[in-house]
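Naming follows writing order (A, B and C), and every chain is counted from residue 1.
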Amino acid sequence: MVRIDKIYTRTGDKGQTRLSTGEQVPKWHPRVAAYGTVDELNAAVGVAALEAGSDMLARIRRIQNDLFDLGADLATPDRGRVLEWTPLRIIATQVTRLEEEIDAMNAAIAPLDSFILPGGSRLAAQLHVARTLCRRAERYMAELASLENEPVNAEALAFINRLSDWLFVAGRAANNDGADDVKWVPGANR
Amino acid sequence: MVRIDKIYTRTGDKGQTRLSTGEQVPKWHPRVAAYGTVDELNAAVGVAALEAGSDMLARIRRIQNDLFDLGADLATPDRGRVLEWTPLRIIATQVTRLEEEIDAMNAAIAPLDSFILPGGSRLAAQLHVARTLCRRAERYMAELASLENEPVNAEALAFINRLSDWLFVAGRAANNDGADDVKWVPGANR
Amino acid sequence: MVRIDKIYTRTGDKGQTRLSTGEQVPKWHPRVAAYGTVDELNAAVGVAALEAGSDMLARIRRIQNDLFDLGADLATPDRGRVLEWTPLRIIATQVTRLEEEIDAMNAAIAPLDSFILPGGSRLAAQLHVARTLCRRAERYMAELASLENEPVNAEALAFINRLSDWLFVAGRAANNDGADDVKWVPGANR
């Protein structure tokens, strides 16, 4: 179990740290960047939560909890060795729950024939911020997965990909089911 | 024309995606990072917009629209092949419009003999966030441009460089034309 | 002394820039990324400041000032050559001040047996954003320090490491001394 009490330990002052497995890595290791960016995404979701009504808030808190499952998954590379505990992994039902929520929200929303300017209501604006951070987290996860000997759970990749679409649709929902979204007009200011 | 309806397609779950030209690339490709960071910047601008009065809001909406022109430009590398459509490119007048707006805003603002602490009014604080994201987007664009066979429109680079200066000056304008800005005092806490 | 008046100079439109020493580097140089991310962190701290009461605000303003000391430090690599001025460096007392403030804030806060979901009060939510940006800045600084011929002051690394712990504890303080923090429940939604 994680224990957080003294907080600072000074051990990381030279730029090295540890994964959950105890493996030592530099702080700029792509795996640390991946879960560090998931942490950053989670913080942005926490700002969006400030603006959410109770239904949306319940969904958001679930996502925040899932993002720590994702962080634990990323922090525990499957090196084929047996660990002292069963590592926590993102599983398919966490992805399908997102899909079901997307479908439910999207049912009320008209399709688009252009991109929409991020913003609108306070909630929508913050969901767009989270959406773009989610896509940044995905880029780091995909990069990590492309490296040799750096396994990434396929469900974790599906989860982060679906989450950015969830955040997009939730953003539209928060703009009066898309009615208040402002569309991009290509080359309008030229 | 862009069509956004079903939103999630699951095709990107393995970490690959496509440019507007149909070219397949990994999601962590520097070009995707560049337009993805422009999207992130655009989301931050959307948060600043929440705090803007009507004149500033009109300017900000124009910039958000231009940022999609920029995204389209970056997503469509000029490989010397003829496309089925005329690619959208940032042009010089989009840069000079920023310069004119900078000059107009800056006229009322006193010069500085030190950096200013980002923050102040809500609008100023969010413009500083956008400013630093703009500079991050610029770093990715400059990195992309430095790679072989990765053309970047010179006007696009000028646009992003000027935009961070626009955001700085707009931030000062939003702090009572700079009168409320707090200056950095080198080494004050030593 | 820094002078900021005309703001835009157009000289950087081709993707090159200069360190404080006059040395020319590409904008995507790891050193520029490091101090650029410190600037981004500083902007996030400026947003948190909007929500702070007077005691916290005083501490935050001190940190913002220190972050410019850090930026100056990073922008001035010690190449063993004599400069025309004494470069500004982060010193140990700036790190110990953070430690003292952490200890003071932490005294009132109960230890944790799990991670906490970022968010809660507006101030806490924004401090978590700043915390994750601080850790990103640390990753870039650590990466820079790992490169050959790219010296980074050891106290600067200690400062940024301690600052993310400061931001964590300040976030707990801003959630009713931790009483309102919501804990992660591993695998709760599976």
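The rule we apply is simple: a contact is a pair of C-beta atoms (placed from the backbone, for glycine too) under 8 Å apart; a residue touches a chain by one contact, two chains touch by 3 or more.
No experiment lies behind these values; they were computed from the predicted model shown.
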item: Touch-based graph of the chains, sorted into line, ring, star, complete or other; value: complete
item: Self-contact between copies subunit A and subunit B, residue sets same or different by half; value: different
item: Angle, in degrees to the nearest 5, of the Cα rotation that carries subunit B onto subunit C; value: 120
item: Between subunit A and subunit B, centroid-to-centroid distance (C-alpha), Å; value: 22
item: Residue ranges of subunit A touching subunit B (in the complex, touch as defined); value: 99, 102, 106, 111-115, 117-120, 122, 125-126, 128-129, 131-133, 135-136, 138-143, 145-146, 154, 157-158, 161-162, 165, 168-169, 182, 184-190
item: Contacting residues of subunit C [partner subunit B, same complex]; value: 1-8, 10, 12-15, 26-28, 32-33, 36-37, 39-40, 42-47, 49-50, 61-62, 64-66, 68-69, 72, 88, 91, 93-94, 97
